[in-house]
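The structure's right below; bear with me while I get my questions together.
Labels for the chains are A, B, C, D and E, by order of writing; each one numbers its residues from 1.
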Amino acid sequence: IERGGTLTYGRYADSLFLDPVLNDANVDIWILSNLYDTLLLPTDDGKDVKPGLASEYKMADDGMSIALTLRDGIKFSDGSPITASDVVWSLKRATKKDNGIWGFMVDSIDDIVADGDTKVTIKLKHPDPAILAALTVFNTAIMPQKAFEAAKGTTDEEKAKDFGTHPVGSGAFMLKSWDRGSVMKLVKNPYYWAKGEDGQPLPYLDEVDFPVIPDDATRILKLGSGELDGAEFIPYSRVAELKGSAAVDMELFPSTRVQYVTMNVRPEIDGKKNPLSDVKVRQAMNYAINKQAIIQIVTHGVGTPQTSYMSTATPLHAGDQPLYPYDLEKAKSLMKESGYPDGFSTSILVLAGNQDQISISTALQQMLGQIGVKLDLQQVDNATLTQQYREGKFVMRNAAWTDDIADPNEITSYFAYSPNIDALHTGWNSEEADTLFEASQKEMDGAKRAEEYARIQEIFNTTGPTLPLYETPYPVALSKKVHGFLQIPLGNNIFSGAWKDK
Amino acid sequence: MNTNVPLLSIDGLSKEFSGPFSLSRRLKGLPPISVKALNHVTLDVKRGETLGIVGESGCGKSTLARCMVRLYEPDGGAVRFEGKDISTLKGPERRAFNRRVQMIFQDPYGSLNPRMTVAQILGEALSVHRMRPKTEIPARIAELIELVRLPEDAAHRRPHEFSGGQRQRIGIARALAVEPEVIVADELVSALDVSVQAQVVNLLLQLQEKLKLTVVFVAHDLRLVRHISHRVAVMYLGQVMEIATAEALFTAPRHPYSKALLDAAPDLDPENRSRAVAATGEIPSPMNVPPGCPFASRCPYVFDRCRTERPLLTPRGTGQYAACHLTDFGAAEPPVPASTET
Amino acid sequence: MTTAAEQSGLLVRGLTTTFDTARGTAIAAADIDLDVAPGEVVGLVGESGSGKSVTLRSIMRLVREPGKVRGRVEWNGRDLIGMPAEDLRRLRGSEIAMIFQEPMTALNPVLPVGLQIDENLKAHTDLGRKARQARAIELMTIVGIPSPETRLKEYPHQFSGGMRQRAMIAIALACSPKLLLADEPTTALDVTIQDQILKLLLDLRDRLQMSVVLVTHDLGVVAQTCDRMAVMYAGRIVETGTVPEVFATPHHPYTRGLLGSVPNADAPRTLLRSIDGTPPNLTDLPAGCAFHPRCAFATDLCRRERPPLETFGPGRAAACFHHQQVARAEALV
Amino acid sequence: MHLLSFILRRLLQMIPTIIFIFVVTFVLVRLLPGDPASAMIGDRALDADVTRINHQLGLDKPLPVQFLYYVERIVTGDLGDSIALKLPVTTLIAQRLPVTLLMTAMAAVIALVLAVPLAFVAALRRDSIADNAIRGAFQVGLSMPVFYVGIILLTVFAAQFKIFPVGGYGETVTEHLYHLFLPSLTLALSLSAILMRNLRASVIAVMNAEYVDFAAAKGLRSTVILYRHILRNALISTVTLFGLQIGTMLGGAVVTETVFAVPGAGRLLIDSIFGRDYPVLQGLTITLAVLVSITFLLTDIFQAWLDPRVAR
Amino acid sequence: MTLQDTKPAATRRLALSRLPKQPLSLVFGGLLLLASVVLAVVPQLFAPYDPNAFDYNALLAPPSAAHLFGTDSFGRDVLSRVIHAYTIDMQIAIFATIFPFVFGTLVGAFVGYYGGLTEAIFGRVVDAVITFPFLVLVIAIVSVLGPGLGNMYVAVSIVGWVFYARLVAAEVKVQKRLDYADAGRVMGYTAMRIIFRHLLPNAITPAIVYWMTDMALAILLGSSLGYLGLGAQPPISEWGVQIADGKNFMNTAWWISVFPGVAIVLTGLGFSLAGDGVAELLRVKR
């Protein structure tokens, strides 16, 4: 292990807003944990929790409260101590209804009370099997109440805006400078609590720079020329090539990312009859898709077929067989049995300029053509896509999902639990799945909860409104000099343990 | 029809062109720059005659000619054709006027549409004015080509295949196609070579004889104007300085400017040389015409009244008119130049 | 052909200029012989396209690609055609000056008039800034431009036509040339201004003892200003002589036609004696005498053979087999 | 004096143009399907979140009200805050625009350095092998899509030979220049092709002008003729074209900026379209329009200086 | 009688004598364009494969005898796709420019002829359009109307006509000052006849020449939009889309993007040479 140095990590897009509660996008989320620390931390495999700012945590036996003890002598990056009142304030802010879209993860929290300077008790409305995982999520990060309230502005939002330009947290790094759209620079937080392998405080690195390089090819070129030490979102087409490169470590970090197609299953869309509402049609389409071919074409072999709607890295994932193995005959016979034996025309929304989605859809177009389904591609921008999606006016769309929490409840509430967003806004529902989900949300018995999830997955995987395609790891290319960098399955980039050869 | 009424009469005609109205002028409260191209011009054209109009560049000859065929709408005064103000003509009446009064242009290159053949040019004129039934048009075109003595195969050629003189003939043929009574010829031969000039002038003279045309002949070549005109008007800075029969004007000009113009024209006789300059100074800019006599700044006979009061066109006996305060200038013996300080 | 011209003045022998064009080779000037003695004004007349400008440009070696110039041009015994470019540059604008027909296009529109005079002085004299300025003002005064100090700072478009032509003359005269080649210097001007400019040129000739070649197509101008004249047709000189002699008895039918085309004072509204037909195409000259298709005197000989420029009197020459007949016919009229 | 009134008049003429652009932008962006909230929070947004955000942004008010509200702010010089980046638009523009300006300026210089000498060579040796080679090469440059040229330049000069950095912007001024060289070159290629073509034609036209002959007849040295008489006149028409192209380039730098990872205004503009970041889009379009108008104005002034006939 | 006889003979002679003297650029440009048009009309005669057929056994195959230009990531034959793209790209060239050309020319003719207030208003429109960032406008319009070529044509047309109008207006203004226009007025011809029969034929040349360049530009724009995903939609093959497809394979499978690039350059060259040639051909002989 060597200490010091600057690691330059090329990102495809810049962050937008560095507030753990009010932010909206992965570009923020995935680096927030370097700036802000949480009470608990996800384990490296993303499936469990370990102590963070809280050195001890204990769930009450009735599941109605959690007792936490803060580490001794921990400080924010401005040197001020982290107290229990900061924790209370931060968590209350995270649970407030109007603050951001992440509140649902800590919905079960009833109250937070401080007990002295280092003890905190979180009281719950009901037992919540996912609450510990929720305490590792960015929105429960602990922020300095004083510094935040000293920021300019009157409302929370205005203060957050100002605070976000010079944030103070307790993560391994702190913001040094931020040139919007160009480069963000982090420096070592001298007050960070965790210790490295050498017994000295982490992080090893003095500085991490995040230049923004939207073009994939350019990012790789820069890595090759030594201008970057690491580059995220390597296109799959380049993975094999970079794996063979002597100067580069091509890392494929396990992820919770799944790639699928969402189908609107309402009986009618815009007053027109919708063939996709026929479950046979959906199954036929699923069988008609050659996932292996798509994995070859789009991910160049990097991906693996989905075995459930949630990724294998998600806790309580169930299923060991690829869903809907390619079977054209079966697909054809299912079509015959369906209400549309002669096929039909339909369309799919593609995010404009997204090569993966274009490739997938082009392949789907060809594959579905074989069972008489004529597919039109419609490239639209993100805002249009989202709006049509939210309004339930789309027919089919490409989509991908990554978990934010080490628990199956997030993905399931969006995918299978219809009261949330109508099952991906598709209009699909299953009373059984809904009931099971509601039960699982309070089920503290791990085994039982696993059973409930197994059943939900079975229902969704056989009749659900999606065409599951593949799951992929996070492709990150690193210079051979870089060690110890980690991207956890939830996507968070962890630089605290990274170091660089001199 | 009253034969005493002149065929075409121009009555106190004025025409101004306004130039760009720049911001600096607006800020200074000045009016836009304007060119007084014609300033109260009064003239008559009698049936069957040739009226020559001479003057130096920019004096308003073309503007006058264009007003006569209603290419320009005058700002003041009127042009009357057979007693009728032409600016009041509308629809068919206007078309009829356009047919009866034709114009021929100076520029042999610009006055013909380069993308039309001679037959198309003539045919268009014939058909628009319905001069002949459709079937007879080709024959009439051939006739016109013959009339202006163009080569027989001219009909299907385009203007660029002709020489300057031939092009002017095409222009004449186009005007004649509609069988007009009056032809206004603006610098018809100025752009042509001497040897070709003579051909076109001869043609014009012959046609006039044959078709009983009335001709307004605008030119700056004094010799030529004298040769073909019955009467001549001399213009200077938008005003008529003198009108007289050709003979009278060239033998006894009654205006100092007419005289200067005649003296300046190089004599063809090498024995008759003079080293004296006929008129000093430059023509004033038409953008600010002096208030009095426009020629005052260059006139050797100038006196105070000339600078303040504009002389009117007054008779000088036997159909001769001049606009000069020295009413007996050129009558018997010329007056002594007043002073030379200007 | 006078021996005097051998040493001083301009001597042109067999000057031929051709242009290779897509339609064939145009012989724009063919076998031109021309002498100009010191202080003499020679008029060069002819129709448009007869090669007058090309002749002047050839003398100055200003013919551009694809033009080719052959022959001999001597100025005070020095060969202009063969001399090195740098030597020629020194002569141009100083000893030999040229005036163009269109002052609007010949003056650079984006440079002040003063600068355009100044650069001439700078190229050929070693006068200082002040001295050049003074000389420029002097020149402007000579050519009759009022308030020269302010006028020098103005641009050509701020000048009237006459003023521009004067400015061009001022530029040409900057280094007191000994030979002035004037290409239609007054064609674009009004008669009263033309009168002024021509008389100015004559005055300057007297003052500086310049030789002048004056190109024009106006016979009146020749009659009033020139000592001798040469008539060009289709690239060739067809007649030369002193001005009074040529006007009195033209020996070439073309000269005769030209004189007849101009209306003269006595017979108004009669037909003019025009020359029929049009000038020939230079790439496609008729065989024999180039004028024969338009000539009333033409015989088979004329159609077969080209008449040489034949001297028939002191300083008189004509290129016509029938020139005596033509002269007699003229006398009859 | 004349110049001043000329400038004043041009500035006055700009006002309706800017208003027009302002209104069009305002209406157009609001016609775009999708709203800022959709663009920002994407798939996971709940309807309640969207309503809340749109309310916070005042987007639930009727359009005319929004318009008046925006006009009111703009008159006070306030362009509002970015929806996505939560920064004042003026700050963003101040950060991003200089990059694009620098890149455009460099492209202009490179284009001139390429086009002017080669145009002269081509014009002076008209129809020679050199002329045809130069014209052919530029023609190929002109026929290639910008993103393609960019990728090729990147692959060759940055990846293969490592002469230039692979995009980015750098920190010091020298670094800026160094980093922006390839993107500027990319932009310059098509610009120089257009300039070369035009300049060559006008040099040929000017060389045929009589005043060039007259200059030669004055016995001037050929260098004087070339620089004083030919170059200046030939530039007159090229200058107008140049100004027009620079104006277009300012708004068209998007693609280059993406390929080369240049954090400039072009990318901000595209991001703001796709992000439905109304305040940024409006503020930037208007700023660009003003800049472009100023470019045109400068062009006109320069042209008036070159050609005294213009300023009346 | 003589008239009837001379006409065909004269025209035939002219046509024959003109033929070898065609400007060289027109010959080359014309040939390139002719080839492009043929490929655009009957691509199936030249394309060895179905442009949309996948071949999982030949993904990213380099150029070989079987696939002269190699295959792309779907195993589609690049040559066949390049050839089939002619159809769509030539269509872009025409459809994106035809309305601007026609409408712009008409507006230009009226503005140039009548001047005055129309000209002042038009001047402001021109200002606004040329100051507006063009790409932004196109992207915004395409986003409003939805992606696809049809809407791209609409977007380009909304802006494009202005340039034609400007060119034609300027030229008409020059032409209407020439005497032949006045001659028409003196003959008593209507304004419409003067504008369309006399002025326009003489004023349209710059617009036609610009049209040629504009078609090349339209292909480039179409490609750029295709590259951004806003132009032609898969599986239609279009050069810009192909280049975008091949962008990630620049290092490993250069052929995917290089050959469509060559096609764009060649077509652009064809248009631009033809433009020069047409300018030469239509030059008014005086």
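The working rule: a contact is a pair of C-beta atoms (placed from the backbone, for glycine too) under 8 Å apart; a residue touches a chain by one contact, two chains touch by 3 or more.
The model shown is predicted, which means the values in this text are computed figures rather than measured ones.
S.K.: Please state, in steps, how far subunit E lies from subunit B along the shortest route of touching chains.
M.R.: Steps on the shortest route: 1.
S.K.: If you tally the C-beta contacts, which comes out ahead, A-D or C-D?
M.R.: Answer to which pair has more contacts is A-D.
S.K.: Report the inter-chain centroid distance for subunit D and subunit E in whole angstrom, where each centroid is the mean of the CA atoms.
M.R.: The mean C-alpha positions of subunit D and subunit E differ by 24 Å.
S.K.: Calculate how many whole Å lie between the centre of subunit A and the centre of subunit B, each centre taken as the average of the chain's C-alpha atoms.
M.R.: 89
S.K.: Rounded to a whole Å, what is the gap between the Cα centroids of subunit A and subunit C?
M.R.: Result: the chain centres lie 91 Å from each other.
S.K.: Once you find the CA centre of subunit C and the CA centre of subunit E, what distance in Å lies between them?
M.R.: 51
S.K.: Return the residues of subunit C touching two or more other chains; collapse runs of consecutive numbers into ranges.
M.R.: Expected reply: no residues.
S.K.: Quick check on subunit A: which residues sit in contact with 2+ other chains?
M.R.: 217, 380-381, 384
S.K.: Where in subunit D do residues touch two or more of the other chains?
M.R.: If we look for residues of subunit D contacting two or more partner chains, we find 32-33, 151, 155, 273.
S.K.: Please name which positions on subunit C make contact with subunit D in the complex.
M.R.: Its residues touching subunit D are 57, 60, 62, 64, 89-94, 97-98, 100, 102, 105-112, 119-120, 123-124, 155, 157, 168, 171.
S.K.: So in the complex, which bits of subunit D are touching subunit A?
M.R.: It is residues 32-36, 38-47, 49-50, 52, 56, 81, 84-87, 92, 95-96, 151, 154-155, 158-159, 162, 165-169, 258-261, 263, 267-268, 271, 273-276 of subunit D that touch subunit A.
S.K.: Where on subunit A is subunit E touching in the complex?
M.R.: These residues of subunit A touch subunit E: 216-217, 235, 237-238, 241, 293, 296-297, 350-355, 358-359, 361-363, 365-366, 376-381, 384.
S.K.: For subunit E, which residues count as touching subunit B in their complex?
M.R.: 2-4, 6-7, 10-11, 178-180, 182-189, 193, 197-198, 201-202, 284-286
S.K.: For a test of understanding, state which residues of subunit E touch subunit D in their complex under the given definition.
M.R.: Against subunit D, subunit E makes touches at 124, 127-128, 130-137, 139-141, 143-144, 216, 220, 223-224, 227, 240, 243, 247, 250-251, 257, 261, 264-269, 272-273.
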